[in-house]
């Protein structure tokens, strides 16, 4: 009984050691805690799967190195699913690094799924001008861009790019962001009624719930958890990197909760002994 | 907002008016009641603890640059240094922003003069440590361990490093009093420190410590200002709920 | 603004500079000699009072298409503040150097760490200047090792210790001791569970729609964040707004006892 | 080659900092002083490159704006702080800076808090969705109670205020708990990133 009371004062060095071990384990071994994919992540997945044949997906990469820890994994999961389902998409973004970093992701994944630049996807890179420029793209996509950002060639030379004339050729917009850029895309969604999903950093999630229950958004990926949920939905995606990191997160969160419970058990027994 | 719209000007000037009015009301001899705030009643006890243990006090103003947050921290520092000087206890003040160093040095020297101990003042207890957030945190943690500081004051602007300072401070066994307007850091100070000033309690510090009638008057002004904001917010809720013209008035109140 | 027009000719420029340098120190010397201590004090308090009007008036005075008579001065004053503030940096450096030079001179325990600090400062400053201005390739390599190899990782490593501290802080603070701790613990645990797929699995048996669905962990957690947390932060913000204005007024009118630069 | 050195230095620096988690020790002290020294060296470079050269030296010497020498004069006054007789000159600059930054409070307060005041106007209507109406009503009650909790010059013993401010304190605790819980994920991901760096980039014991 004595050691139960000691649960109240576990030395912090033991707590730190157990955290390091519990976080490292899922990176080495295949540990799968019970896992539940939320409705918001499923919403994005379904929207990509049910994209009409003649439509293209618009991927807004409004993130940079600062939020790489969450946004890059979301971008990788979405691009992998788009390649697997052979759904064409175009990449652009308010952030200089976003389109560039996601182009590297796309090229790496394209080899695995045998997809070709210009036919399955194309990239028009970093855009400035905010909402007014988005309005211009919506009305006339071709005129808004002199050339694509990878081959530096006019859009007319890329078979997929030729098909994207204006917003009506876009079947779904997915904004991957670490900032308030989603406001502009919500306006576009409001004006042109194009289905919109947002993959945001965890800290922004509370701000988006009002738009979910007003159906302005058809789905949302929230931080690393959102990326892990999406990756779990893609059958056969062998790497599951985000899943491992999500397992580490879950183990650490559970460690905290278990420690709190143990501490209070120790406290309770000690108090009962003192009063008993 | 580059320039005040009429709505903003009226609101901020009415709050300023309430504060100035209360200051002159206090200058005219009016006494105000002040409710008890735990953190302020233990400042002397915290200094006393350092005196008993014969170990220095650490006063950390976080990442504060020159601004109102730093000025409030300085007002408290001035009191703590004066009391500590009376008992001959060192107060170590590592600073984050070099432009606040001269002002801090001057305030500490004045505190020693007010305590009548100017000759004992050691200028190298106040120094610029680093203007990198986490180099500053690692340096303050080093000071806590090496100087074995007995009492810690964390008062000023803080960011993520607040939890590093509070947790390492606890592991050194120090008594810790914290206060910051950085609301996002309050959970960590409340969790790890002995006493924490929440939100506006931070800006009431100099009144509670000095109990000078004029400054207590400005606290009365702060209460009047809050009542103005509360009244505005509630009438806004009613206006928006009623909808129609009322809603539009309130939505464009500050446009 | 006539007299403050730039001077192109180098010799004339040096004359202007030296003249104003000598002139200002002359004025200061005269003030030092002829102003009594009380007069100096009152002059300093007056400076604080006058300086307080600059940004406040610029903000409140009506602005025709974004400008009032003070607006053109905002940027130069801002630059001047940055420059004068930058001149305070060497003074701060000196204060730190005195502390660490004291350690070395008196061979106080652990004095060699102060040596490490001096060497690191000089090495980083030199390699940064040489690689930026002189484009020396050897300096670029050293700079890369110091900056990318040590400085950035040290910052990232120090910040990552927060993961450990948040665990030990939660373990120590969330105890059923009083109402405050219980409420804080309850909200923290719910929001934590709401963030991990395992937590969502715990209440995944609840229906997806309807009233009961609001008991699902992710919805309860979101309710805490969007209703309770946002309103609490907003209310605290109202207090801070008023408190900030009160503090500014106390400083502006030199009411704070410990900070009266002009003395009482 | 430089890459390998950089990775090794970064790994050793990370482990050196983590040694504080066990207890304060000479290794930590070494990396602490190294970190502060590197930071100072970098700041010396940055202060010149980003502030003094572009905003003072170039305008004065290259563009001939001779009056920038007065910035130097005012800046040099700081250095009189240590001399008892001339300290008043340092106070000239300090008091001016204090006044200027006090005056800035109105613009800063407007920028940060006016949007918050506007956002507090929430319609208590149950039409489109009952949940939204209830939540808006609750938000307003929470706002009211928490502000009443912060009243300093009115005694909290008498009933209407006593209950409201106690409720206010409870809501504050719930809010702080929610904030704490929502930050755990972000803090843990910092360590997971560092751990993957150590295991993947440095020791190469795990694959991605």
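Chains here go by letter, A, B, C and D, matching the order in which they are written, and residues are numbered from 1 within each.
In the analysis below, a contact is a pair of C-beta atoms (placed from the backbone, for glycine too) under 8 Å apart; a residue touches a chain by one contact, two chains touch by 3 or more.
The shown structure was predicted, so the numbers you read here are calculated from the model rather than taken from an experiment.
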If I average the C-alpha coordinates per chain and also across every protein chain shown, which chain's average lies closest to the global one? D
Across the interfaces A-C and A-D, which one involves more C-beta pairs in contact? A-C
Can you work out the whole-Å distance between the CA centroids of chain A and chain C? 32
In whole angstrom, the CA-centroid distance of chain A from chain B equals 39
With chain centres defined as C-alpha means, what is the inter-centre distance between chain A and chain D in Å? 27
Distance in whole angstrom between the CA centres of chain B and chain D is 14
At least two other chains touched by the same residue of chain B: list those residues. 4, 12, 66, 68, 71, 99, 102-103, 105-106, 123, 129, 132, 134-135, 138, 146, 168, 183, 186-188, 190-191, 198-200, 204, 219, 222, 226, 229-230, 233
What parts of chain C, by residue number, touch at least two of the other chains? 59-60, 85, 88-89, 91, 93, 96, 110, 154-155, 158-159, 161-164, 166, 168, 170, 172, 174, 184-185, 188-189, 192, 195-196, 225-226, 229-230, 233, 236-241, 244-245, 247-249, 251, 259, 261
Would you give the residues of chain D that are in contact with at least 2 other chains, written as numbers and ranges? 17, 20-21, 29, 31-33, 35-36, 38-40, 42-43, 78, 81, 91, 93-94, 97-98, 102, 104-110, 117, 120, 131, 140, 143, 147, 150, 172, 176-177, 179-180, 182-185, 188, 191-193
Okay, what are all the chain pairs that touch? A-C, A-D, B-C, B-D, C-D
List of chain B residues in touch with chain C within their complex: 2-4, 9, 12-13, 15-16, 19-20, 23, 66, 68-69, 71-72, 74-75, 77-79, 82, 95, 98-99, 101-103, 105-107, 110-111, 114, 123-124, 126-129, 132-135, 137-138, 146, 160-161, 163-164, 166-168, 170, 181, 183, 186-188, 190-192, 198-200, 202-204, 206, 210, 212, 214-215, 218-219, 221-222, 225-226, 229-230, 233
With touch defined as at the start, can you tell me which chain D residues reach chain A in the complex? 21-23, 129, 131-132, 182, 184-186, 188-189, 191-193, 195-196, 199, 205-206, 208
Could you please specify the touching residues of chain D with respect to chain C in the complex? 2, 5-10, 13-14, 16-18, 20-21, 26, 29-45, 47-49, 51-52, 55-56, 60-61, 63-79, 81, 86, 88-89, 91-100, 102-110, 112-113, 116-117, 119-120, 131, 135, 138-140, 142-143, 146-147, 150, 168-185, 187-188, 190-194
Going by the contact rule at the top, pick out the chain B residues touching chain D in the complex. 1, 4, 8, 11-12, 32-35, 37, 66-68, 71, 99, 102-103, 105-106, 123, 129-132, 134-135, 138-139, 141-142, 145-146, 168, 183-184, 186-188, 190-191, 198-201, 204, 207, 216, 219-220, 222-223, 226, 229-230, 232-234, 236-237, 239-241, 243, 247, 250-251, 253-254
Give every residue of chain C touching chain A within the complex, in rising order. 163-164, 166-168, 170-172, 174-177, 185, 189, 192-193, 195-201, 204, 208, 218, 222, 225-226, 229-230
